[in-house]
Amino acid sequence: MGLDFTVVPEHLDVILLGCLWTIFIAVAAALVSFFGGIIFAVIALYAPWIIRQPFRLIEWVFMGTPLLLQLFLIYFGLVQIGIDLPAFVAGIIGLGLHFAVYNSELIQTAILSVDKGQMEAARTVGLSRGQALRKVVIPQAVRDVIPPIGNNMIALLKDSALVSVIGVSELTLSAQRVIGATYRPFEFYLVAAAFYYVINLCMEWVQRRIERRIAISR
Amino acid sequence: MDIELMQRVYPFFLQAAWVTIQLSVLTALLGLTCGALGAAMRLSRLAVFRFIGAAYVSVFRGTPALIQLFILYFGGPQVGIQLDAFEAGVIGLGVNVGAYMTETIRGAIISIPKGQREAARTLGLSRWQTFYNAILPQAARLMVRPLGVNLNMLIKSTALVAAISVVELTYTAQRYIGSTYKPFEMFLLAGILYMIIIYATGRAVAWLDRRVQIN
Amino acid sequence: MTDTEHFVEIKHAQKSFGKLEVLKDISLNVARGQIVAIIGPSGSGKSTLLRAINDLDALTGGEIWLDGVQVNKDLPYRQYEKHINQMRQDIGMVFQHFNLFPHMTARDNVTMAPKLLKGLSKADADKLAEEQLDKVGMLERIDYYPSQLSGGQKQRVAIARALAMKPKLMLFDEATSALDPELVDEVNQVMKKLAEEHMTMIIVTHEMDFAASVCDRVLFMDKGVVVEEGPPSVVFKNPTKERTREFLRKHLAGAK
């Protein structure tokens, strides 16, 4: 059959649209994972035992099973309990929660490594525990954790390809659709890979810049 | 929770878990091979090899494993590569994880202090003798734990081959979710099996890590 | 025929990193059995010169000769590798930070190279290890790992490792600088013993007393050049150059 890249340009609009969806889903899921990660970390460290322990179990399950399996659970599970969300929302929630667990691990370590004296100092000036966490401890922990979270976000971008399996029309599924019409899998998956690669390079570039900033601010 | 249904279908999940284990073992072996070759190229004296190694790592870590798998499985026939889904899964995932293992292995090797290489070279050992006798035994000990992390990631990434219809754990769960409309129960069955595999692997890696430490 | 007067010969050694010249046209002869100390402030190029002798740091100009053979010969890569590995077998080196192989016992540290390069049998290698470790007073620690040894003990094992190759020349690169003061002497004793056996040695050191007591000749280096050289009695007691005097004054003041 051979390769023929001349068919690529006429379908590029579909691919580009898919690319925008991928960026949108990745950004939305990244936000979910970031704030979810902070909330999860606080629960895992400070919630009462009765909440903390089952929560840790759930975290453990999320880290010990494949993302794809979790996406199936969330997508079909929500339908089962009567919540019929569009696939892309399920995808964002699934990706977001999955990476929130990984971010939470990082943030927990960071919170614990923020000097104990910081919390005590905040309490002595009259802040409540919650205020001290929000205003003093967490901002410091988040700064420490930005570079490794950056790695998670780059992984998230690549894993966002999995939501194509539950029918979200992002880059991978768009490529699949075009392939359905053209029977040119090699060419169009390669094009999709190139788009992912470029986004990935941009993210790595941004990450390096942020890391340098942080290094300077210390 | 539909216990009765779970009892009825669990043998199929066990079979599927066996496929997942086979996939994981073969992928790990291929990944280690690619990782060793990749690291050798990244550390080569020759710029050409260093470039090829760096490109391998950058491209395979910079694009989704799922897309790599699709290119190999669906696009392969266009360039004369005919593989069944299982073979494509092993090769696709193995080459992918090999890129991650390349960095793990290289990282361990370059973390050995420069003085070790100098001491061996000063005694008259060749580059290869130095690497094999002085550097590698130390680096290998440092690699165990991070390679264990790669392995953990690899086991979970075997789920991707569900997308090319290899009947492993995730594919089986997906199929039974479709036919029974019991996503939670099916997730539980597959999830427990995944966690057993990952837990056992983690213990094995921890044991090996303790075994190889000096003293 | 070996020329005992020109046993080690450094001819117009020159080395630069980009624009920075670390060694500027240095020439030096060491006779067989002679012991030469190189002193000087940090950054003077003394370690670089020492490391050039076995080509750990390649010169950018000049020649190094040992026992009638040029060390840094201009050869194609593969041939050069072969040649330099052969040469290095004859040049023992001891490092500031010991660089023992942490995954090997003292015995294996000593025997690895002779086994690999000279094809020694297990029995011969064991005999060699016992012999060499006995010489440095470490026989009873033969099956210890480096992590179980003190700094001074590590350095003595490192010396035994170098001696096991039966080198013609020993290079010491600040061998006692990383040691706690109370451990310095045990290493110095071993070096003295080698001196009594007429081992040819080139020693980079900042221990003036030790240099004065064992060396035949002292070189004072600064900024990549040899400022002054001569017997220790002259260089240490009556230096002719102002820079040497200044260095010695500062150094001795700092040491006390």
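The chains carry the letters A, B and C, assigned in the order they are written, with residues numbered from 1 in each.
Everything that follows uses one rule, which is that a contact is a pair of C-beta atoms (placed from the backbone, for glycine too) under 8 Å apart; a residue touches a chain by one contact, two chains touch by 3 or more.
What you see is a predicted model, and the numbers here were worked out from it, not measured in a lab.
Distance from each chain's C-alpha mean to the overall C-alpha mean is smallest for B. Taking the mean of C-alpha positions as each chain's centre, the chain lying farthest from the centre of subunit C is A.
Chain geometry summary: the mean Cα position of subunit A and that of subunit C are 56 Å apart. Centre to centre, using the average C-alpha position, subunit A and subunit B are separated by 22 Å. For this pair, subunit B with subunit C, the centres built from the Cα atoms lie 46 Å apart.
In subunit C, no residue reaches two or more other chains under the touch definition.
Residues of subunit C touching subunit B in their complex: 54, 56, 81, 85-89, 91-93, 95, 97, 99-103, 112-113, 116-117, 145, 147-148, 158, 161-162, 165.
For subunit B in complex with subunit C, the touching residues are 113, 115-116, 118-127, 129, 133-134, 137-138, 141, 214-215.
On subunit B, the positions that touch subunit A within their shared complex are 59, 62-68, 70-71, 74-79, 156-160, 162-163, 169-170, 173-174, 177, 181-184, 187, 190-191, 194-195, 198-199. Against subunit B, the residues of subunit A that register as touching in their complex are 1-3, 60-61, 64-70, 72-73, 76-77, 80, 158-162, 164-165, 172, 175, 179, 184-187, 189-190, 192-193, 196-197, 200-201, 204.
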